[in-house]
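A, B, C and D are the chain letters, set down in written order, and residue numbers restart from 1 in every chain.
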Amino acid sequence: MNNLIALIPAFPFLGFLLLFLIGRQLPKPFIAWIGAGTVCAAAVLVLLLGIQFLQAPPADGAYTQTLWQWLSTGHFSCAFRFRIDALSLVFVFVITFVGALIHLYSVAFMKEDRDYARFFASMNLFVFAMLVLVMADNLLLLYLGWEGVGLCSYLLIGFWYETPANCRAANKAFYITRIGDTAMAIGLFLLFKELGTLTIPDILNASPTHFQQGASNTTLIALLLLAGGMGKSAQLPLQTWLPDAMAGPSPVSALIHAATMVTAGVYLIARMHVVFQLSPLAMAATAVVGGLTLLVAGFSAMVQTDIKRILAYSTISQIGYMFLALGVGAWSAAIFHFFTHAFFKALLFLAAGVVIESLHHEHNIFRMGGLKNRLPLVFKTFLAGAAALAALPFVSSGFYSKDQILWYTWSAGGGSPVLWMLGISGALITAFYTARLVIVVFYGEMKTPVSTYPAKLMTVPLVILAVLSVVAGFVEWPHNILHLSLFSELVQKVLPATILRTGIPSEIVFQGIAILLTLTGIYSGYYLYYRNTHVIGQWQQKPAFVAVRNFFFSGWGFDRLYNTVFVKPFVWMTDLNKTDFFDQINKGLASGSRQLNRWFSYSQNGSLRWYVAGVLVGVLFILTLQLFV
Amino acid sequence: MILVVMISILLVAGFFCWLLAQWNVSMVKWISLSAVAIDFLLTCFILWQHSVTPLLNSPAWLVEYRADWIPSFGISFHLAADGLSLLLLLLCFFLGLLAVACSWNEIHQRTGFYYFNLLWTLAGIAGVFVALDLFLFYFFWEVMLVPMYFLIAIWGDNNRRYAAYKFFIFTQAGGLLMLLAILALYFIHGAQTGTYSYDYFSLLSTTLSPTASRWIMMGFLLAFVIKLPAVPFHNWLPDAHSEAPTAGSLILAGLLLKTGAYGIIRFVVPLFPQAAAAIAGWAMLFGVIGIVYGALMAFAQTDIKRLIAYTSVSHMGFVLLGIFSFREIALQGVVMQMITHGISTGALFLLAGMLKERLHTRDIAQMGGLWTSMPAMGGMALVFVMASLGLPLLGNFIGEFLVLLGAFPANGPLAIIATLGFVFSALYSLRLMQRVFLGPLTIETPLRDLNARELATMIALVISIVLLGIYPQPVLDLVRPTVMQLVEGASVATR
Amino acid sequence: MPVLFYIASVVAIISTLMVITRYQPIHALLYLVVSFLAMAMIFLSLGAPFVAILEIILYAGAIIVLLIFVVMMLNLGKDTALQERQWLQPKTWVGPSILCLVLLTELVILLFRSPEVPMQVKPVPMRAVSIALYKEYVIAVELAGFLLMAGIVGAAHISKHRKKHLHRFLQEEAKGPQRRAEKLTMIREKESTEAVLPAEKKPVKKT
Amino acid sequence: MPFNSQTVLIVAAILFALGLVGVLTRKNIIFILISVEIMLNAAGLAFVAAGMRWGQPDGQIMFLFVLAMAAAEVSVGLALVLQAHHQYRSLDIDQMKALKDEVPG
């Protein structure tokens, strides 16, 4: 099996190569076979690998395969080496499995598109890059995947490039994540300076002895890596790109901007957990960033009207939960939430894609409505996903993962009541906006007629994901209910177990509060948007409410802030110096000598008398020198 | 001897091109193509020869040729190539092939003289990369300059006279400073040892007073940073690049700039290790300024060739930063950066030339949505735009990453600022991509996508940049002895 | 002898002063003859009879005659005198004169710096001059011959052309044969159109 | 005043200065040529005087060369005068300024 793990990324890469080189000449079915088939093959391979891993774990906890020596100079050396341990396995599984489903979905979804080959080429490249990211044995290779997924995200957000807004969104996504990437690159340089290696196992082994607990350089490295994660995972303050990234096709949003790429930050922090653990400050920062983000994004999600933007803000918010969990030291809880979130959020996006396509590319939820009976299968699957997002108790996977996080935010080593408060209010908001979304879209009267119905190839992935959204949580139960924690047992081969503080109220109290708040949120959504819709209408009369709503709607004004603080001054500055300041110096030199030439030209006036006088003055000068020397 | 053959093939073929153009123009193209191809194969042959024996154990100088030229002044015809030189020769002939190929249909007037200039410029560049006699080096330095001037001044765009003058004055000013420095070194060395010689190896042993060494080094360094170019001596570059014909831009960006970097590596640091170490901080600072400033300027440009030209300024900043950090990793990165920048920027200029040929404008405001009509060109452009913003998997990333990795221990704050160049490079690169290929289609006239010749050149470039990105180890091994010597020399000096 | 010298010098200086202040060219030339004759006297008083004779023959004879010829040929008379009279106002000559005076003063001061050596007038025989001329200075004599030859040929050449000719560098550039042909046809067309026009509008002269 | 070599040279200097004044102040080319002749003659006097100071013939030989040069100069100069008269219909030196540099804009 060791020699096969390189095949996992190789399949999608092969697909990319074929489609990139000869894709335009191929008929569409061929493209679909190549595009989806390669990812499916990778998924099958991962399933086989996973079964083997679970049955007979490798001796050192990881499969590794070295392809070739990439770079070796001085005491720096890096190889194309893949490594799959338990943490990577979870990610690889999600990427290939969800990826395969989304590819199948896209075969039908993108059928009418002119650039079919380009779409699948980019998607395959993305899967390849994402796999490289999570399978990388060293941080340089990880960075390769990291940038690769950024490129694919750029390409796919701007897939319909003829609309300028899409290109702007793509550029914005790339720029903002690039800021995080740059911070991460600096972190890598610092790590290399300190440890002399970028190989992940070496770093994890050497860090505890090399770094001191809480030393400033450790904190710096951890914060820089965190910044990288913040960029990729759309966390405060680098979150503004993700809502705009919804300009891409829905499968792209599902795969890249919900299930996989945006969780790369979570992966990075989990991967580098040893470094983070050495720096309490960085851990606290991670938790605070996550906590704030989940609230900020949750509030924005409450007032959005575009179905995909709601989901985008909810994604930011859910990743905020993961960061929160990472920050308090609940490593496995974060990964578990990633696991469940990947299913239900991909499901929600795919279902939203179906809805949007069925309604003539209508994005506004207030022009939808009453779809429950028209698209019953979509409704059911969407409901499963929404339940998981809202963390409906016991029957949804989201409940199990989120409940664990909420419990640990108070009880884990890095936890605190404040963080718990953040998390729990986020849960309330999440439940509220989820209920709002479901009710506005699927209940009430129909405002736009359904024009097309989804193909079978689109509904099958929905069903599979819906089932997973329900059952994926059953692998890990709260300890006070059932002692079944398959997931954390697997992940804890790599990640440290969560350390609980002492003297904490019983877990059941927290669960009760969380369930109560979730139900409250759902009910209030139901009340405001179904039972008593005029209440909202009354509120909208009040200017204060409208102001707050607009503030939330604009994503807390971050875009405007960045526009005035960074973008406009930057553009102004570059425009100011468009003609190159240094060129002016040279031009000045040139015109100075030209001016001298003009002055001397006056002496060249063609008059013989003047020339003779010049000679005379020269002679006088020499003679005068003679006189006085 | 093989080095002499290489250079003389180019020179002789250039003459033939000039003479035969009256009778048969297409023969001229084939002559120049085959001359460069022969040189390319010869370089490959040398590399192959030395790859049979393990490279790391062989002496640093792989090929050497020495003959007296003007013995009474101690001037010899001394050519030698180590791994670095061979690598740059390979790049030189590779880009030379592309330059000949891309001017195939572009040049219609005075074709013979054009190819004469092209080949002589290439010969001059090749000579610069292998000359080990300082007089000879200066000679080749001028040989590459003058034909380049003609290339810009005769076959350039509307504002070609201005650009050509500017190019010539800048480089010539630097060249004269270098000549002064060479002479000073020659006389000081002669006064010390009694034997007057321009030979590199004998001059290496000159002991200079700190003041003399600083001034002489500044002479060399100025010539090279003008060529590189480093801010604030970069102004000739945007004009020259944007006005030159496509092949001219290709050679300027791909090769001429590399002669500056090569000069610093080969002459400035080994000849004046102490003085170089003393100004290392400043040089790195100017490198970083170049990175940031070039990127900002590139962002503001609307002329596609000027934009690419400023990206060169930005990328060459990494070279300066890397060289003066005196770390092995950084220097390896510098070499990678030189090679990959030659390829990627050369490719971008080729693309700009193709766009100019089709649209008759260089203004990106008039372009847009070209992907729709030219998807193949768009794909190629995407690859090289990504290379220029330092995407891993492509060669440029290796260069920049190694430079920064090596520069980090030498000067942390500067390296951090240089890393911010990643963000800026993303800004200008994506802006270029978006303005030209994305967005709504603005041009109604049907445009021809890449033809077979263009596709072949672009694919050759893509393959080389990807190969360098995923397997750069041969390059690193090849230049390792050179780099090690440099690092040792510098470390002795700083101690 | 000194007395002779002083008298001759005074005559020379005065007559030269008259030369440069005359308005009529012919008057100036006549004063110039006087000046040259006085100069010949000075040479004689210095003991250089050969040079004195040459001065009279060549300067006062040949060169002055040439100048007079030209003055007569060009008929430089009252008009020239009037022009010069109008020109020679104090404001035009004061400045240059002061400059020259300064020059003279400086020269004199410099001359008096060196020790005064009384002049022993000891005639150098013509024989010695001739021997030196054809022995040590023979190449210079040849060169002087060349110079005179070139002067004669040049003078002949320059005075031969009557028409106003521009140097070829100054002529209009790029006058290829094709362009000239175009011009010719243009001119012909013009002439043919003008042939239709009334006679008085025709070009008067054709060269 | 004693009869020194300086005295002779002073006379030569005075004549030279007078010639120079002529060149500088006159307008007609003929006058300028005449003044040049005066200056050449003064230079010749200086040569001769210097030669006599040492009792050597070299000064006189130099005078001969000056003479030859003056002859050539006058012949070419007068030819030019004739030519100028033909082309400009005038001998005014102030009208002949073809060598004037055009001041770039």
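Assume a contact is a pair of C-beta atoms (placed from the backbone, for glycine too) under 8 Å apart; a residue touches a chain by one contact, two chains touch by 3 or more.
On a predicted model such as this, the values are computed, not experimentally measured, just so you know.
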Of C-D and A-D, whichever chain pair has more C-beta contact pairs: C-D
Chain centre separation (subunit C, subunit D; CA means) in Å: 7
Centre-of-Cα separation between subunit D and subunit B, whole angstrom: 62
Length of the line joining the C-alpha centres of subunit A and subunit D, rounded to whole Å: 94
Separation of mean Cα positions, subunit C and subunit A [Å, integer]: 94
Contacts with 2+ other chains: residues of subunit A: 613, 616
Subunit C, residues touching no fewer than two other chains: 96, 99-100, 103, 107
Touching chain combinations (by label order): A-B, A-C, A-D, C-D
Subunit A partner contacts - residues on subunit D that touch it in the complex: 20, 23-24, 32, 93-94, 96-104
For the subunit C and subunit A complex, residues of the former touching the latter: 96, 99-100, 102-103, 106-107, 109-110
Complex contacts: residues of subunit A adjacent to subunit B: 20, 24, 68-74, 76, 80, 118, 140, 143-144, 147-148, 151, 154-155, 158, 161-164, 167, 170-171, 174-175, 178-179, 181-182, 185-186, 188-190, 192-193, 573-575, 577-578, 580, 582-583, 585-586
In the complex with subunit D, residue positions of subunit C that touch it: 1-2, 5-6, 9, 12-13, 16-17, 19-20, 25, 28-29, 32, 35-36, 39, 42-43, 46-48, 50-51, 54-55, 58-59, 62-63, 66-67, 70-71, 73-74, 76, 80, 83-84, 87-88, 92-93, 96-97, 99-101, 103-104, 107-108, 111-112, 114, 116-122, 124, 128-129, 131-133, 137, 140, 144, 147-148, 150-152, 154-159, 161-162, 164
In the complex with subunit A, residue positions of subunit B that touch it: 166, 231-232, 234-235, 238, 296-297, 299-301, 327-329, 332, 369, 371-372, 375, 379, 382, 386, 391-393, 397-398, 401-402, 404-406, 408-409, 412, 415-416, 419-420, 422-423, 426-427, 430-431, 434, 437-441, 470-473, 476, 480
